[in-house]
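We just call them A, B, C, D, E, F, G and H in the order they show up, numbering each chain from 1.
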Amino acid sequence: MPTTLKDLMNNPKEALLKGHFACAGCGSALAFRHAIGAIADKAVVVIPACCTSVYQGFGRGVAFDVPTINVAFASSDAVAAGIKHAMEKKGKEAHVVAWAGDGGTADIGIATLIGACDRQDNILHIMYSNNVYSNTGGQRSGDTPIGARTTTTPFGNKAQRKMVPFIMMANNASYVATASVAYIPDLVDKVKKAISYDGFKFIEIDASCPVAWKSDSADSIKVARLAVETGVWPLFEWDNKSNKAVLSKRGSKFRNKENRKPIEEWLNIQGRFKGMSDEEIKNLYADVDRQWTFLEKFLE
Amino acid sequence: MAEEVVMLTGNHSVSEAVKRVKPDVIAAYPITPQTAIIEYLSKLVDSGEMDSHFIRVESEHSALAAVAGASWAGARTFTATSSQGLLYMGEWVFWTGYARLPVVMAVVNRCLAPGWSIWVDLQDSMAFRDAGWIQIYNKNNQEVFDTTIQSYKIAESKDIALPVMPCLDGFVLSHTSSKVILSDPEEVYNFVGDYSDPIIEIDTGKPFAYGSIVMPDKYNKDRKDLMEAMERAKAKIKAVNKEFSETFGRTYGNGLIEKYGDDDADLTIVGIGTMADETQQAIDMLTSEGLKVNSVRVRTFRPFPTEDIIDIAKKNHKLLVIDRSVSFGHEGHLQMEIESVLKRNSIDTPVIGKVMGLGGEDVPYTRIAKVAKENL
Amino acid sequence: MTEKEPSMPILYPIEGAAGLTGDWRTQRPIVDPEKCKMCNICWQYCPDLAITAANKDENKVIVFDYTYCKGCGICASECPFGAIHMEKEVD
Amino acid sequence: MIELLQISRGGSGGVTGAKILAEAAMYEGLDSQAIPKYGAERRGAKVEAYVRFDTSPIRIHSPVYNPTHAMVLDSSLIKSLEIDKVSKDGIIMINSSHIPDFLKGTNRKVAYVDATSISKELGLVVSGFTLTNVTMLGCFAKATGIIKIENIEKAIEKTLGAKIAPKNIEAARRAYEKTKVEIA
Amino acid sequence: MPTTLKDLMNNPKEALLKGHFACAGCGSALAFRHAIGAIADKAVVVIPACCTSVYQGFGRGVAFDVPTINVAFASSDAVAAGIKHAMEKKGKEAHVVAWAGDGGTADIGIATLIGACDRQDNILHIMYSNNVYSNTGGQRSGDTPIGARTTTTPFGNKAQRKMVPFIMMANNASYVATASVAYIPDLVDKVKKAISYDGFKFIEIDASCPVAWKSDSADSIKVARLAVETGVWPLFEWDNKSNKAVLSKRGSKFRNKENRKPIEEWLNIQGRFKGMSDEEIKNLYADVDRQWTFLEKFLE
Amino acid sequence: MAEEVVMLTGNHSVSEAVKRVKPDVIAAYPITPQTAIIEYLSKLVDSGEMDSHFIRVESEHSALAAVAGASWAGARTFTATSSQGLLYMGEWVFWTGYARLPVVMAVVNRCLAPGWSIWVDLQDSMAFRDAGWIQIYNKNNQEVFDTTIQSYKIAESKDIALPVMPCLDGFVLSHTSSKVILSDPEEVYNFVGDYSDPIIEIDTGKPFAYGSIVMPDKYNKDRKDLMEAMERAKAKIKAVNKEFSETFGRTYGNGLIEKYGDDDADLTIVGIGTMADETQQAIDMLTSEGLKVNSVRVRTFRPFPTEDIIDIAKKNHKLLVIDRSVSFGHEGHLQMEIESVLKRNSIDTPVIGKVMGLGGEDVPYTRIAKVAKENL
Amino acid sequence: MIELLQISRGGSGGVTGAKILAEAAMYEGLDSQAIPKYGAERRGAKVEAYVRFDTSPIRIHSPVYNPTHAMVLDSSLIKSLEIDKVSKDGIIMINSSHIPDFLKGTNRKVAYVDATSISKELGLVVSGFTLTNVTMLGCFAKATGIIKIENIEKAIEKTLGAKIAPKNIEAARRAYEKTKVEIA
Amino acid sequence: MTEKEPSMPILYPIEGAAGLTGDWRTQRPIVDPEKCKMCNICWQYCPDLAITAANKDENKVIVFDYTYCKGCGICASECPFGAIHMEKEVD
């Protein structure tokens, strides 16, 4: 039974408390609220350096109502694995989640990620992607889309976008999914489904960052929805039992290019793409096509 | 199973000790000359002889991270590394120390690259002397076994709560077999005690956040406590050494240093690791020649045995400090710290420093004796 | 020094960990009770948990918690019925 | 203190042999050490190991530079032995059915036994390599008299375990019996 | 024109000199001889800690007749990238190759690998796999096959084999190939083809290690050939222009399971698989199937 | 383009210096508070204002690895980092030092976690004082600019061939704007010289292997030369400081230390970084109260300015050493090394040590003055 | 030495404003510093910055604890100003059309100007935020007299560049003219 | 100290970097000139470059370089014509 808004409202425990330190309109905080909220009673979160280390609040107390361990940047999955093994050894139940940004997942943290996946450590890695290093001021990450102006690519990023979910499929994770802050019940479904799998699970969430995306904070949902509707962000699930990918209900119609909105709609409400040349836009379209071509191989 | 007397390498001595303390979680990554430690533990775990979780991590950074994670979750843990591996986990070495996690990590000392060399010097562990770890350097395989056991008792006591690094010279101890008395497993376990009341323990029922942003006042409070815990650790290490000796009949000086020969010597040779053990042979030789010499082995470099060094310097006439590691752009590590202790306490005893044995260079006792004579 | 427990950087969950974040607001959401259909879409999307959900059974519309609402405007953007609008904060 | 230099080929079990010898010394009531020469070992390439024996605790950690005795597990390696470094009073033990030409006229005490044949007879062959490491321990016991063959057997038993030990014990014993000691 | 044995013999320069320190029958040394030999005049090799750091010889001189930089374990591609950028800046031509083992590639080195791939640094990474950490005495790596007895899995490795080539495809390398020491001209072809591509190139070579595999040194070629003939090691090429995989001529018939030899033939001539249970063998077959299923998605 | 006088942060001062020396290859990874350095350089490179290759690596380990690679290939290089980033590249910090590669890396000092803090102390760079790097600590943004330039001239001279780490206090310098004279680019470039005759250069026509296995004798030869290069570096740093002063009219003490006030003081405050700059304010205050105090700023911690410390200690009556970093289990870094120097040279001048300002704790000159008075 | 505390909201350009002010001081022949309060900045949240001015070189690196003057860029933040820490002789500058109640009766010298209106008039609005940072520099120049408005203009020009500078200069100048100074 | 160039761990290419590795051999390959078809498969597979290639034109069979041949036996295994066999080394 897919999660409904009602289910969300009946969730007995919130993982995120009011009065946290995220910017207004932060997609990551919203994602945390629901993704961790869905498993709040038994969740332990491990957080490498990223915006989440900061927005949990500081000094007086924290806004996370689940055990939270802040760790060195390149090590969330190793720490999570250590915690999980220790708790298993001690006979304690827990959903240990490595909650990391795109930088902490796709770049500096990818060896730990792949290492834990390779061992099939029984943990869930949630990568919330704001496509840059937001916490340090918006530098390019491996997950930055082509054309995005970041503080280290002031004239537009040229490098292809790294698709960590594909890498995790190639690495035979037990469950891989993509999600978006625009589709909360779908996100919650995927988290719940993930923890039902043994072994290593991976979810990437497209999580708007009005600061880095130079978008209106009020548009945080809109921009994430457009990523799906333009085909920039395919919503799917894959597991290693079937080795098949399935498009999520809300995103399935965008498999057909004709149903997709022009990527420009997504670009235009974000300041980070201001000044993109036609060439860059062409390259971005091509990179999105490349991602779909790859994904297509795994779709029925 | 009772006490056993066996012929064992230093690496196996570590493993046998670890087996007896029954860690919950082990994570490690191979590196010469540490590998045999973890190979043996893998085997014990996979065969069911040890009831631990062994995480075969993909790097040292992750090894210590995993072990730290387990420690946060209230587990007893173990890891081991060496040289480049220690550097590669450097961020976590500091992290673990600052976090006050009672992790025990054996470091098989090996020099650093480039040039590439797998042999011993102490440059690797010395590079982490700031990191908030207790460091205990060993002289032979029996001590390696005993220190590994003691490390848990020290690390896990609440008033200390510091990670401990038993250090053993690569190859010279790690790969050399010699006689080791393996104490009865049950007695060892009883000596260390279980870890059922951990320093810290993650509990989904009682959420807390560890390591969020802190303001300078809190930051300084934690660091001050770390400094003080190191100070307290001196007494603790001595006490554990004493209790160990009472239980198992083996002792290592006062726990912090080990003296050899009579006080009031014209020359005291101060050293660390196996070179300090070999120095005793030189002392015997020199004494037999009628020279008034003695020696001191620094067993714990962190905390630094300030009071003992003062005592030694007061009771003798000259110190010859032999380092197997150096800070490029200044001097040998032991030398600098001993000099600073003497200066701080206005002790006039002269200090001569020598750096020897880098990159696995062998320093036989005859050479030590020669240097001693040159400096008498 | 007789302290027994080590001093560690540990914090505990509290509301308002980062202070009363309503202070950050430069615009505030206002709900039009007439228009609100109590669908709770806005509740779902608020990153700041600053909306008390509407309750159809009790016929209660949503309520904002201005102590913490940062005024991002997501709720206003996402309300399918245009029941929320943003107003500039006055000093 | 007595110091032994052992020369073998990578893959022939020299390090294990040295360790068993040190263990046997322990049963003899001696303090002992077995030191493999540290480095990358390659099958077939020359490998050194050292064993120390003493009546009091050994605090020396260096490799052996001037051995009391030398033992060569593969006769083709005899040429690499630097005889001058071996104590004049020491014994050179070699796996050979005869005193090799290389040693002839050196006036050294040489102990020899055809360990290869003994090992082969007993099937002590692993991936094409005849293992003479343990066999030669019998030669050591006989030639030096430092360690009783019984203690060597006990150490073999302990190290190799009930399954493989018997053959090896038999090999050591045969070597013990067949070893000849002569001045070359 | 595919490379012939004659072409190999006419190669003007050897990269590997006689009298190196590899064990008798070392597949890695053989692979180095030909792979680097094919580009010896302009090759620069970067070598992280692995057997190759040792077998180049020591003390007196080295057996590699190409510039060789030995580097820290987890960094070959970053160093190679640095060298390549410097030489480009200085207007010098070179084929910069990161030559690394499976440990240095698939485990500790994978963040550097993916990082360089992500940036499309113009270098070639050659991973020679002996399926373990040979240099340190044969511990399990991420590339260890199921069932293999290693010094850290003395009762048989349970974890799935990591397929780095698939990860590199998912990561959009410009060119990806697998090769084997049993098929030297094919290997040389692939190296030559790789350097014709811009951007990041990746080749994995199945390189026998008689020591770790506990196989007869005389069987080093046989065992590698059996890996191909049993389907354990698919030989293929892929590039990101086509996003299609092509089976190599010598390996194409093993796509059809009926043409494959039983995996047991490969297992039985290696001591490392001694004592494998039926269960383990079943798991190994399943893991090989999984790899083919993944690869199939990219085959025509 | 000629000299410009601008209002600049410390980070921008680094970047402006780097721009002028025209490195061939830059590789870096972002970390607070270093980010602005590399953001600005990215921009200059992407806009074509700088003709360098900028490698956007995925971690600090790779940043220094890439830069080292480029240096082996004979390129002039630059990178920058801070805190956890420095630890994460720790293996390469030693590697670069031991390899004698003339890399310049700006370190924006920030304390280490946990607790998580982005503010200044010197624990990060001090952790690498053994690594074979020259370390120069700066007092203000002008010096940051000047030191970065000088670093290249020092690093790239063949008789030194050591990497250099210009260090600047995080936020206090990195993010604070103050007046900086940006010297004429061409003059700066001429001062540093081009790097056309590199220390080492990969050449496909002349193969060599770097960093293969070495035997202890060769290993020790290399380390001895490293030790001696550090010794030579003292004279070199002084000479470069002098030449710089002749060319640009700005000078920093004798290059190794900077004295303030008259000799023969009752108390000399020795410090490092911005705290040592602020100390001068305290000295003025105390002097105006009639007290005989002066101060010394240690500019290069590696090589350690042994001779200058001797000189200072001889000419004054008591030293108060203020550290912003500490070795847990012993004492502050400056304190220990100064004490050891005095002991080694039998100088009686008393030394008092204070560790202050960890974790970004602000230490105003009034507090320094207070501590000074307490110890007069 | 003169020390300024500036209070603003994240996103309103306070740090840039402080830097421009320090630069203007430089043109005035003073030594100066602009120090952002170090920490994570959040749009809308309170942010402090400090500026120091002196006739001799500044060697102080601390944040400002007891400012000579205070400047508040957003009148809603006035309540967070700890007035007691500001020098009795100093001026409190505020972006407001009137003296806020909070200051009334404090007997402090207050300079006020409706910078928000001026900025809005000139279109100095970025993502919904009215930028008053530069505008208020005019108020500073007028109220304190430390720096000539011309030097403020020069610093604006240099920092913001030819494209954006003119509007900002105009804003500062208008504020300069409209600033009122009174005892509250 | 007047040394100018820094002391670095650099080695240069030489034959026999690891010594005369023929010493490691416990068995040696022997070619049967009658059987050798000069196909050079053995040459291709030798990891030790210890085979001088055969030359059909000059009718020269392969030659082993026993100075370096480690006796791995690959050539014997891989010769399609059984032209190579391995013999135990004698002391």
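We take it that a contact is a pair of C-beta atoms (placed from the backbone, for glycine too) under 8 Å apart; a residue touches a chain by one contact, two chains touch by 3 or more.
Keep in mind that this is a model prediction, so the values were computed, not measured.
Fewest steps needed to get from chain D to chain E, stepping only to touching chains, is 1.
Taking the definition of touch as given, a chain qualifies here only if it contacts chain E and chain H alike; those chains are B, D, F.
Looking at chain A and chain G, the chains in contact with each of them are C, F. Chain centres here are means of the Cα atoms, and by that rule the chain farthest away from chain A is D. For this structure, the chains sharing the highest number of C-beta contacts are B-F. Set against the Cα centre of chain G, the chain with the most distant centre is D. Rounded to a whole number, the gap between the C-alpha centres of chain D and chain H is 32 angstrom. One finds 77 Å separating the Cα centroids of chain C and chain H.
Rounded to a whole number, the gap between the C-alpha centres of chain D and chain G is 87 angstrom. Centres computed as Cα averages put chain G at a distance of 81 Å from chain H.
In chain C, the residues that touch at least two other chains are 9, 11-13, 21, 24-25, 70-71. Taken residue by residue, chain F touches two or more other chains at 56, 58-59, 61, 84, 88, 91, 95, 99, 113-116, 118-119, 207-215, 218-219, 222, 226, 360, 362, whereas all remaining positions touch fewer.
The residues of chain D that reach two or more other chains are 40, 42-44, 128, listed in rising order.
Of all possible chain pairings, those that touch are A-B, A-C, A-E, A-F, A-G, B-C, B-D, B-E, B-F, B-H, C-F, C-G, D-E, D-H, E-F, E-H, F-G, F-H. Those residues of chain E that touch chain F in the complex are listed here as 41-44, 46, 53-54, 56-59, 62, 64-72, 74-75, 77-83, 85-90, 92-94, 111-112, 114-115, 118-119, 121. Chain G meets chain F in the complex at residues 18-19, 22-23, 26, 31-36, 38-39, 58-63, 65, 155, 158. Touching chain F in their complex are the following residues of chain B: 61, 84, 87-88, 90-91, 94-95, 97-99, 111-119, 123, 126-132, 134, 210-220, 222-223, 226-227, 230, 233, 301-304, 306, 325-331, 333, 335-337, 339-344, 346, 348, 350-351, 353, 358-362. On the side of chain H, the complex with chain F involves touching residues 1, 3-13. Remark: chain H residues 9 touch chain B in the complex.
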